[in-house]
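Below, each structure is written out as structure tokens.
Both of the next two complexes hold subunit A, though its partner changes from subunit B to subunit C.
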Partner chain A sequence: MQLQLDRYAYLETPLHRWDPRCKLVGMMVLIFAFSYVRDLRLLPVILVVSGAMYVYSGLPLSFLLSRLRLPALFLLAVAVILPFASGQTVLFQIGPLAVKEEGCLDLLRIAVKFFSILTLGIILFGTMPFLTAVKAMRGLGLPYILADMTLFAYRYLFEIGDDLKAMQTAMRLRGFRNKKLSGFSTLASLAGTILVRSFEQSDRVFKAMILRGYGQPASFKDEFQARTIDVVALLLLLSAAAVVVTTELLLY
Partner chain B sequence: MHIPDGILPTAVCLGGYATAGAATWYSLRKINQSENPREGIPRASLLTAAFLVASWVHIPVPPASVHLLLNGLLGAVLGFYAFPAILIGLFFQAVMFQHGGLTTLGINATIIGVSAILAHLVFQIRKLFGPDNRTATGIFGFLAGASGIALAAVAVFALLVTTIPANIDVEAERTAIGILTIAHIPLMLLEGVFTALVVLFLIRVKPELLEGK
Partner chain C sequence: MPQQTQQQPKTTVLPALETVGLAFTYPDQRPVLREVNLTIRPGERVGIIGPNGAGKTTLFMLSCGVLKPTAGEVRLFGKPVVTGDFHPEVGMVFQNQNDQLFCPSVQDDVAFGPRNLGLSGDEVAERVREAFTVTGIGDLAERPPHHLSGGEKRLVAIAGVLAMRPKLVIYDEPTSNLDIRYRRRLINFLQNSRETLIIASHDLEFILEVCTRVVLLHGGTIKTGGNPYDILGDIYLMEEHGLERPHSLVPHAEPHHDRAGTR
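So, the complex of A and B:
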């Protein structure tokens, strides 16, 4: 099991080189500004901005498309419900079902915001290694317990995932077929075994970490140094977010 | 169960971050009161990863299969570490798998995390019946698992139906909440039975996992 998120994190583009703390703050503010948009006239603007930033990030289109597969199912569910359930103005009939104008506009609003925010999120975490992102959050004041837990969980997530795969293969080789509810208690034992193995491993990990000095004050160092260009880029993004919010307030 | 980006109003998302921040602060305060707060971090982290992996297990419900949320089980096993564990798990899901969202991370963590803490409190009632009482462990394990998902489901549906489309009328809202909640009853039972089976397995194999949280 491999993490695909860091696949393009080492490209050489201005977005990749941007100070991670500035990038986190700037992109998150822009994401929240986009989520504030309700006026339909602003939808093309946020779509173009997120699209342009994606192109600028140098990330391939296939990377974006591959990450949109799962969320697209959610959008499909919304598309099936909203046009029929929301509003009173009937646009046209499909058999006994009436497609309503307000529902279609709600769907458009949700779809564009969803896609734009998702794209910005992919740019944010796709243009720096995940570990750098967590260190940047720590640099911005994330409590050490949360930062340590995130780093440890990340370190062991795919190892435990591989353990699960190995156990499932062993179960299949012994004749277990995961097709009926009768195998429920076996699956509960499988989940329990994963927890027990992780629990036992954590004791060993903790002892090994203590030997290596874990818990000493210098275990986290602020390794980031923001340049003038990083701060300018941050201010640019904050200004863009402010423009989006102000325009929304004036229009809606 | 995870609300994605673009659905909820920004005020609700920011409110979600505020409540998640408060709940995280409370959990961290409780954790910091322990003798050596760092000692529990590797254990909670590995269990966070293990819970995330365990939730990938397909449970066959013919003709399809489902994934369990396991927030009740997480609350039962991790206690006050459950909230940070859920916050981190949801962050991983949003960033790595685009499941949930960055703007809705706070509200998702609040809904799933608070129901996990409540499930933890439900599971603690078993101690009144004696530390080795398997029947009480099974029953309160079931209640913790079922209540964890029940509370989360009701909160998510109530939030979705009351905040998304302003054009849906009140009657339709009530019907939608009713239908969606009823549709989740089999899942609640499934999650409850699964949690009961896992805690009975743990009490047999590794009882320390359920102690002292």
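So, the complex of A and C:
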């Protein structure tokens, strides 16, 4: 199945074929290793590693750029504040504001790490379907209740969205235009109705789940089978993470 | 010497479903079911008919152990139904299939039940394959259920229940929201079904085609039961309980319906 998130999750590259559990562990360890980096000399390294992995994943650049749009706003906020607020050494003045060297270096550090870590995250979740990611987490020990809640929440977002759209259409067909203050009470009623209906539906769905044995010990053990190459790739990535952290410790 | 006749021991066939004095009342409401005594034998296809609010769905929920009776008892294949326990021998196809399709893919949804039975990965896969074959929906395996048509959703819901290999299957308004093509497909499917069936439906032509026995439920009690043609063809009985005779049982100047009620 293809969901909106999974547009490129069905390509055929080695990263796509990598065992989901190994991929999850390897990439998360690498992400944490990158977040540990403070020395500026390691920044090009993590940038090159994440860039190379992205190219290897076969995901299009447009996909990366579209996913970075929203987080980039956060970075923009940091970029506006940090060079002026952090440090002592003044590089130059812009009117009354002094651009400081330490602030600029901090910004560079944050921006490169931010970009590299996000790129790894996009590779991780862009090269496997969302469902597979949740199942892999479950296979690694995520409590089944949390995994199921995530899956059901994602599944029923579409249902709630459809219900909301249908109700909004019905309202518009009966002349509703949210231009007056009284419109807000209508919208509040709409939101309340959606909540009540989704609660009632969740009750019926739960009954259906119980009738099909939900809550009995379920078997999820055989869902994934890691190949030797998957484990080798995981070890490679763990080694790379160890090298980054060790180098950081030695340099700092 | 006179020949001694060997007496074969009598084997008692346990009813698939038996309710004795079953009653139920929702909190702060009037009683929904009162003194319901119903016996369904294995292999039967029983239609439950009655107007809205007669208590059909409540009866089904009690039969599956989802609700606790206010009074009386329910037995499935001789064993008492304990409220809250899991009873894999009974499966239910809900009226609104959206309530029953809660996994992100059809394959996952059909596998949901067998996984909860504690089966191995291979056994689960086998059950899913079998359910897909029986319902003919193998091509929908990777699709998300919320993207399917009403008829497809119905078949997926049925596959999800059949994958658990229940001995008794309850269908609550199975033809609601189905087009003619899927309705006919469902009729053919149920006519060839090997499980014991209990079907609630307002589609009386459908009941005529599929069921071997009909039970009329109204006001929380069973009014009568018997041959579908006799029950559904009794105009006074049907009108007394807010129903109508199916068209195929209405006398025509030129008869154009066969006994099966198809044309």
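Convention: the second predicted complex is superposed on the first by the 216 of 252 C-alpha atoms of A that agree within 3 Å, B and C clash if a C-alpha of one lies under 4 Å from a C-alpha of the other, contacts with A are read in each partner's own complex, and residues count from 1 in each chain.
To be clear about the criterion, a residue touches a chain if its C-beta (ideal position, glycine included) is under 8 Å from a C-beta of that chain, and two chains touch if they have at least 3 such contacts.
What you are looking at is a predicted structure, and each value in this text was computed from that prediction instead of being measured.
Participant: Per the contact definition in the header, classify A:215: touching subunit B only (first), subunit C only (second), both, or neither.
Facilitator: both
Participant: Figure out whether A:102 sits in contact with subunit B (first) or subunit C (second), or with both, or with neither.
Facilitator: first
Participant: Applying the touch criterion given at the start, work out whether A:247 contacts subunit B, subunit C, both or neither, answering first, second, both or neither.
Facilitator: neither
Participant: In the superposed arrangement, does A:132 touch subunit B (first), subunit C (second), both or neither?
Facilitator: In the superposition, A:132 touches no partner, neither subunit B nor subunit C.
Participant: Give one of first, second, both or neither to describe whether A:154 is in contact with subunit B, with subunit C, with both, or with none.
Facilitator: both
Participant: Scan A:87 for contacts with subunit B and subunit C and give back first, second, both or neither.
Facilitator: first
Participant: Check the residue A:201 against both partner chains and state whether it touches subunit B (first), subunit C (second), both, or neither.
Facilitator: A:201 contacts both subunit B and subunit C.
Participant: Who touches more of subunit A, subunit B or subunit C?
Facilitator: Residues of subunit A touched, subunit B against subunit C: more for B.
Participant: After overlaying the two complexes on chain A, where does the subunit B footprint on subunit A coincide with the subunit C footprint?
Facilitator: After superposing on chain A, subunit A residues 3, 130, 151-152, 154, 156, 201, 205, 209, 214-215 contact both subunit B and subunit C.
Participant: List the residues on subunit A that touch subunit C in their complex, please.
Facilitator: Going by the criterion above, the answer is residues 1, 3, 130-131, 151-152, 154-156, 158-159, 162, 201, 204-205, 207-223.
Participant: In the complex formed with subunit B, which residues of subunit A make contact?
Facilitator: 3, 5, 28, 31-32, 35-36, 67-68, 70-71, 74, 82, 85-88, 100, 102-103, 106, 110-118, 121-122, 124-125, 130, 143, 145-146, 148-154, 156-157, 160-161, 163-164, 178-181, 183-185, 187-203, 205-206, 209, 214-215
Participant: Quick check: in the complex, which residue numbers of subunit B touch subunit A?
Facilitator: It comes out as residues 4-8, 10, 13-14, 24, 28, 31-32, 37-39, 41-54, 56-62, 65, 70, 73, 77, 84-85, 87-89, 91-92, 94-99, 101-103, 164-165, 167-168, 172, 176, 193-194, 197-198, 201-202, 205-206, 208-209.
Participant: Quick check: in the complex, which residue numbers of subunit C touch subunit A?
Facilitator: 61, 64, 66, 86, 88, 90-92, 94, 96, 98-100, 102-106, 108, 112-113, 115-122, 124, 142-144, 146, 160-161, 164
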